[in-house]
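What follows is a set of structures for review.
Each of the next two complexes has chain A plus one more chain, namely chain B in the first and chain C in the second.
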Partner chain A sequence: MSLTTALNIAQTSLLNVGRQTSVVSTNITNSENENYTRRSAALESLTPGARVVSIRRHAALDLFQGSIRALSENSAQQTISNQLDNLKSVLVGADGELSASASLTKFHDALQVYSSSPSNGLLGESAVQSAKDLVRRLNDASSSIQNTRASIDGEISGTVDQLNDLLSKFYDANLKVMNGTIAGSDINDSLDHRDALLKEISKIVPVSTINRENNDLVLVSGGATLFETTPRNVTFDAQPAYGPTTVGSAVRVDGIQLSAGTGSNTTAKGTLGALLQVRDTVTVNLQGQLDEVARGLIEQFAENDPSGGGLPPLAGLFTYPGGPGLPPAGTVVPGLAQSISVNALFDPAEGGNPALLRDGGANGAAYVENTTGAAAFSDRLIRFGEQLDKPITFDGATGIGGDKSLLSFAAGSVSWLEGYRSDASNAAATKDALYVRLTSTLTAETGVNLDQEMSRLLDLEHTFEASARLIRAVDEMLQDLLAAVR
Partner chain B sequence: MKVPYISSLSISQALRYSMASAQSQLASAEREVSTGRLDDIGLTLGHQTGKFISLKGDMQRLETLIDTNGLASSRMKVSQSAISQIVSRTEDILSSTASGVGLDADQSVLASVAKTALADITAILNTSHNGDYIFSGVNSDAPPITDYETGPAKAAFDTAFSTFFGFSKDDAAAQAIDAATMGTFLDTVVEPQFLGTGWATNVSAAADDAILSRITLTQSVTTSVSANEDGFRQAVMASVITVELFSGNLGEQARSAVASKTRQLAGSAVGNLANLQGRVGLLEQQVTSANERLEAQIDILGEHANSLEAVDPYEASTRLTSLITQIETSYALTARIQKLSLMRFVS
Partner chain C sequence: MSLYNLMRTSVSGMSAQANRLSTVADNIANSDTVGYKRKSIAFSTLVVPGTKAQYNPGSVVTTVREAISLQGVLNPTSSSTDLAIDGDGFFIVHDSDGSPFLTRAGSFVPDDEGRLVNAAGQYLTGYSYANGIPSAVANGFEGLEMVTINNTDLAATPSTFGEFVANLPQAADIVTGDTPSSNLATTDFTQKSSMVVHDNFGGRVVLDVYFTKTAANTWEVAVYNQADAAPDTSFPYASGAMATTTLTFDPANGRLATASSTQIAFAVPDGVTVDVDLSEMTQLATDYMVIATDVNGNPPAFVESISIAEDGTIYASYDNGSLQPLYRIPIATVMSPDLLQAHSGNTYTQGTDSGDIQIGFPADGDRGRVLSGRLEASNVDIADELTSMIQSQRSYTANSKVFQTGSDLMDVLVNLKR
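The block that comes next holds the complex of A and B.
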């Protein structure tokens, strides 16, 4: 052991303290960074007396995997829940005032008032006006649904672009990690960056990872490969406009179709699956329900041959482009809610006669029920009012089929939407709680504790001081020795 | 024992998250306390929302029925008072014919009493209410009774008289008509003009069908009476024959036959009209009890709807208070944890 060796060790120690301090300072700088994984500088012994600093990254792999899985589920559920809030506000309103059910009730009331005083032409006009309001509500609701679908389609297209962009960034980050690993340099920052990208990607699609040599990562989503050495193409054909019969196109990852979620507590993971679910299932069901309300109206207000002479029932107050023949019973006619209209023959604004509602005969004299032209003939109006409560058969494909009255079907549509929304919102709360729980465990484990870093800094100060003192002591000893020799 | 590690970020994040969720709950609890209703009905009721909306809609529909029943009730009230006025006019004729049949002067008084009564009965039967002629049945846009003096009924009567007797009632020969012939004339010629098919041809434009009203969601009843009811026909005929045959040149015999026919008709009219009043009364009763049922239903529906949407005010305000406490605790904790740093002790 010589003094020179002691001096060398003290010098190394100073160097090591410098390195360790830089790690502490990086930690402190990133203490508020969620995507940062804490590092620690540990001393390792090589040959006796020589110590080097190695930097360790405190990653928690299992927790990270769990957290990005929860992130996928959570972002899907939040998307569903938000979209349903949207749909509720355009289709139901705060207290149901925008629902078909509310307009139907108003129309029933207008009919009832007209039936109580059928000779009053103004009441007839107001009943027709109320029918027009009802039709307008159906038309508006139907176009809101289609606008929502179109805007979801746009969102899907934007998200797909974002995903492709993220994958190409992931390519760069992955390359850096691999090169760094091969060169043996510090890859911790690159790993942080790659993990942050992985988090962003898993918001959009579910991701599972496969680790290969040199820290190369393969990303798999469902059955499709997202990234393997190079990013795979995610493709989607956006459609600018949506009608009731438009079928949206699929999202393909590396040629494989991405599946849409099902259920209010959605099976979708990632925003794309959820958006596809809303575009292709939820809104389609709601449109079908509106279409069935429209079909019910045309059917219930059809004109029958009063003589029982075998003439077919034909569309009366409510008609559609396929009229005057009635739409087939019991099956949904896509887009009917958009094309239903009040027959111009009834509409005073178009030169029509509202009294046809009282008398019948929009389809010719054979359909006139009030043959004597009596002004207070109320039988037909009363029958219409009562028919809103009589059951007809609705298509089960809309989610709420069966034998129901038009009024209760319309209310059932509100129930369907609100039930879906309520379940989705509850599921969103559960999934959000899980995600928050996992993320906070992850950040607790991998984040920076300032107090610990501070105390480590104090230790380092002491080490630095002691090493410096050591150098001075050796220096003095050497001086003494040299003085004795002189 | 493992000493768990915890990062500073996760400590502050936990507080931040709980604060955000408490504050969003606070906003909704505030609205619930101030309105007494659920903040987001659809979210809380879920699949039951449709039921809630149906309940509200049904209440609205029943209220409309009560409104429209008001119209039917007032129509029947007007009918009721119109019928009793007709009854009293008919009774006037009855009492006048009972007294003076003998003197010429009395006869002209009697004719003029009957004439006034006829005009009154016509006017009363032509009562309109809310734009409808209430005694026209479903034909409510036309007045039911054509004015006798100017309408076809008088001409038909005069023609019938001339045809039957071969001269007009003002002719001197009319003096000689005896009671039996007059009786035959009244029974076989005049009566069909009023109690038979002549009524619809010459006098009445009313429809036999009464106005149908829907008084509950499932029940419809007629809520008017037609001017074609027997009581009205008899009252009109009684006054017409009095007006016509007490003003001509008829002899005492014939007049007594007319007077007895008038008495018989008026008496029977009063009886029939009383029956009619009873029927209208029953209908009124039906509407009234329908209204009572509707109101009871509205109350029940209202209670049900309320039980779905109402928030227990004590529960809501307790929740609000505890949320406020929770947020205050969060603030205090944040402040204390911010102070809890090694930095403050190392300097």
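The block that comes next holds the complex of A and C.
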């Protein structure tokens, strides 16, 4: 050891403090950046006396994996919850005023009023008008559902594009990390960037990772390969428009179909699975329920042969393009809610006669029940009113099948949607809480703590001062020596 | 005893001190020269025989000593081609004529031809990896060539082997219909993954790997080229399976049965045969889970940067992420480094008493390791030199006083006769 060595070491110390300060300054700059992982500059000894700084990144791998898993589940559940809120506001309204059930109840009331004074033609007209309102409500609800499906389809298409874009960005980020690892350069920024992309990807699909040599990462979603050396293709054919019978196309990751979630507390992870669930399960069930209401109406208001002469029952007040024959009993007819209409023969606006509702005979004289033409004939109207309360068989494929009266089935449809929505909303709150909890733990572990950084800065300042003092001391000693030389 | 002898002795003392001052001057001048080694003067006596009654003054002789084996401080730099040896030994450099020299001055930069040249204009040498892993010639400079890291384009390396490790779900349903090996539109399969392999031109070929449970504990593996896949459904592929094999699992532990095949081999289009090791596959009661997937080979690429490892290997890292060793830098040692013959440019050659030059690789035995991004500062201590200088000055003055006294006495003697 000599004075010159002491001077050299003090110089190295200044250099090290400079680099350590720059790390602290990077930390402070990124204290609000949630994708930033705290760094620290560690010193290592080396002969003789020289020290180097190596920069460590305080990543918490397990916590990060847990947080992206929770993120996948959370984003799926939020998507389901939001879509159901939207469906509820369109199909039911805030207090149920938009529901088919409310219109059905109004129609039922109108029918009862008409049956109490069947001779009053105005009441007949009003009953037919209620029937028309009900039909319009069914038609509107059905097309709102299909519009929702179409918009979800567009959303899926956009999300798939976004995912492909993210994967190609991930390719660049991964390559940077690998090159940096090999060249031994500082890859911490690249790692942060890659992790941020991973987070974005896991919002869309569930991701698990496999580490390879040189920090290379393989992404697997479920069983499908998402990224391995190169990004894999995620494909989807968007449908331009949706009808009740349209089947949406699948999202394929590397050729494997992405599965949709099930249940209100969804099993889906990532927005894509949740969107597929709403498009292919929830809305299809709702459409089925409306179709069953429509089928129930056609069936309950059909005209029977009063003589018992064996003529088949035919569609009466409510009809559909397949009429006048009745739709098959007990099974859902897709799209019936969209195509159901009020028979023009009953509709005064189209020159029809509302009294047919009282008398029967829309399908010919053989179906006339009020054969005497009595103005006070109310048997038929009373029977219709009662029939709405009598159980018929509904298709179980709609989620609420079984033997029920039409009125309770329609009410059940509203409560099914509301139940699904509130369950989804509760699950969303739970999953969000879990995600927030995991994220805050992760941030506590890997984020920047300003207090720590400031105290570190003070330490560095002292080290710098001490080193500078040392240089001055050595300088003074050499000055003394030089003064001795004359 | 004579006045003349006295004057001669003091002259030898003055010239010895002048000699010492010369080394001080050199040391101070080179105090910031990378790889410079401090020089000093050792004195010894020269005795002129006299008699018991008479003392004959002799003189002082000087020998130059060099502190070559004393390591200087290793200062960090920002260039990866700045090299320092931490421990014993020397780099072997060539001058422009190709003559070998030893040096510890490692401030190398690439010149226009990609050769690494230091501040004295000498080129770093090493053993090339062009003909496989090199070995050092212990007692000669044969096989050493100038390290040249330019135009080292990497030819694409086709894939030759790989590994695939995954867990196949034990509870999966058995596929009874067409399996992937039949390549029909009605094909059904249990699980699928894909992996990238490289052909002879370095192109990337994506392969679809299908796993199909055909019976309890029996899985069919089929590999297809994804480029041939039909849209959406993949099956049927435009050409048949590249390879198929059957894995059977031991029901006792869920690992591959001893009789099962443990690998799948297939010829890559425009490439060579790739053997993919499947021996670590398992069949346990959990989900399909890919644990590792790795295939060698790399696409064509350009040199992105150079890194030098502690064992002296110079690696080129390519923009595709691969790393190739180009040269290995040897380290030369001698028995007595301090007795090496010094030359300009901080270089040394074998001296008469230094012992033979032995060549080996860094960190072998007592040879030092090579540190990249670091330079060895000179081992001169200014304070030491200044004190030596003051000492020399005083000694020189004292010698001159002796000479002056001798001269004055001579004057007295000469003036005795008038």
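Quick note on the criterion: the second predicted complex is superposed on the first by the 485 of 486 C-alpha atoms of A that agree within 3 Å, B and C clash if a C-alpha of one lies under 4 Å from a C-alpha of the other, contacts with A are read in each partner's own complex, and residues count from 1 in each chain.
The working rule: a contact is a pair of C-beta atoms (placed from the backbone, for glycine too) under 8 Å apart; a residue touches a chain by one contact, two chains touch by 3 or more.
What you see is a predicted model, and the numbers here were worked out from it, not measured in a lab.
Taken together through their common chain A, the two structures put chain B and chain C side by side without a clash. Of the two partner chains, chain B is the only one that A:379 touches; chain C does not reach it. Within the superposed three-chain model, A:45 lies out of touch with both chain B and chain C [touch as defined at top].
In the superposed model, A:440 lies in contact with chain B only, and not with chain C. More residues of chain A lie in contact with B than with the other chain of the pair chain B and chain C.
When the two complexes are overlaid on their common chain A, residue A:12 makes contact with chain C while staying clear of chain B.
Look at A:101: by the touch rule set out above, it reaches chain B but stays clear of chain C.
By the touch criterion stated above, A:245 is placed in contact with neither chain B nor chain C. Contacts of A:32 after superposition: chain B is touched, whereas chain C is not reached. By the touch criterion defined above, A:225 reaches chain C but does not reach chain B.
In this overlay, which is a superposition and not a single complex, chain B and chain C have their closest Cα atoms 32 Å apart. Counting contacts by the rule stated earlier, no residue of chain A appears in both its interface with chain B and its interface with chain C. Residues of chain B that touch chain A in their complex: 4-10, 13-14, 17, 41-54, 56-57, 60-61, 64-65, 67-68, 71-72, 130-132, 136-142, 207, 209, 211-214, 217-218, 220, 224, 341-343, 346. Interface residues of chain C facing chain A in the complex, by the touch rule stated above, are 31, 71, 73-76, 86, 191-196, 204, 206, 208, 226, 229, 232, 234, 287-294, 304-305, 307, 315, 317, 319-323, 371, 374, 377, 380-384, 386-387, 389-390, 393. The touching residues of chain A, counted against chain B in their complex, run 31-32, 34, 38, 88, 92, 95-96, 99, 101-102, 104-106, 108-109, 112-113, 115-117, 119-120, 372, 374-379, 382, 385-386, 389, 407-408, 411-419, 421-423, 425, 436, 440, 443-451, 454-455, 458. Interface residues of chain A facing chain C in the complex, by the touch rule stated above, are 2-5, 8-9, 11-12, 15, 46-50, 52, 175, 178-179, 182-185, 208, 210, 212-214, 216, 218, 220, 222-225, 228-230, 232, 235, 250, 252, 254-256, 477-478, 481-482, 484-485.
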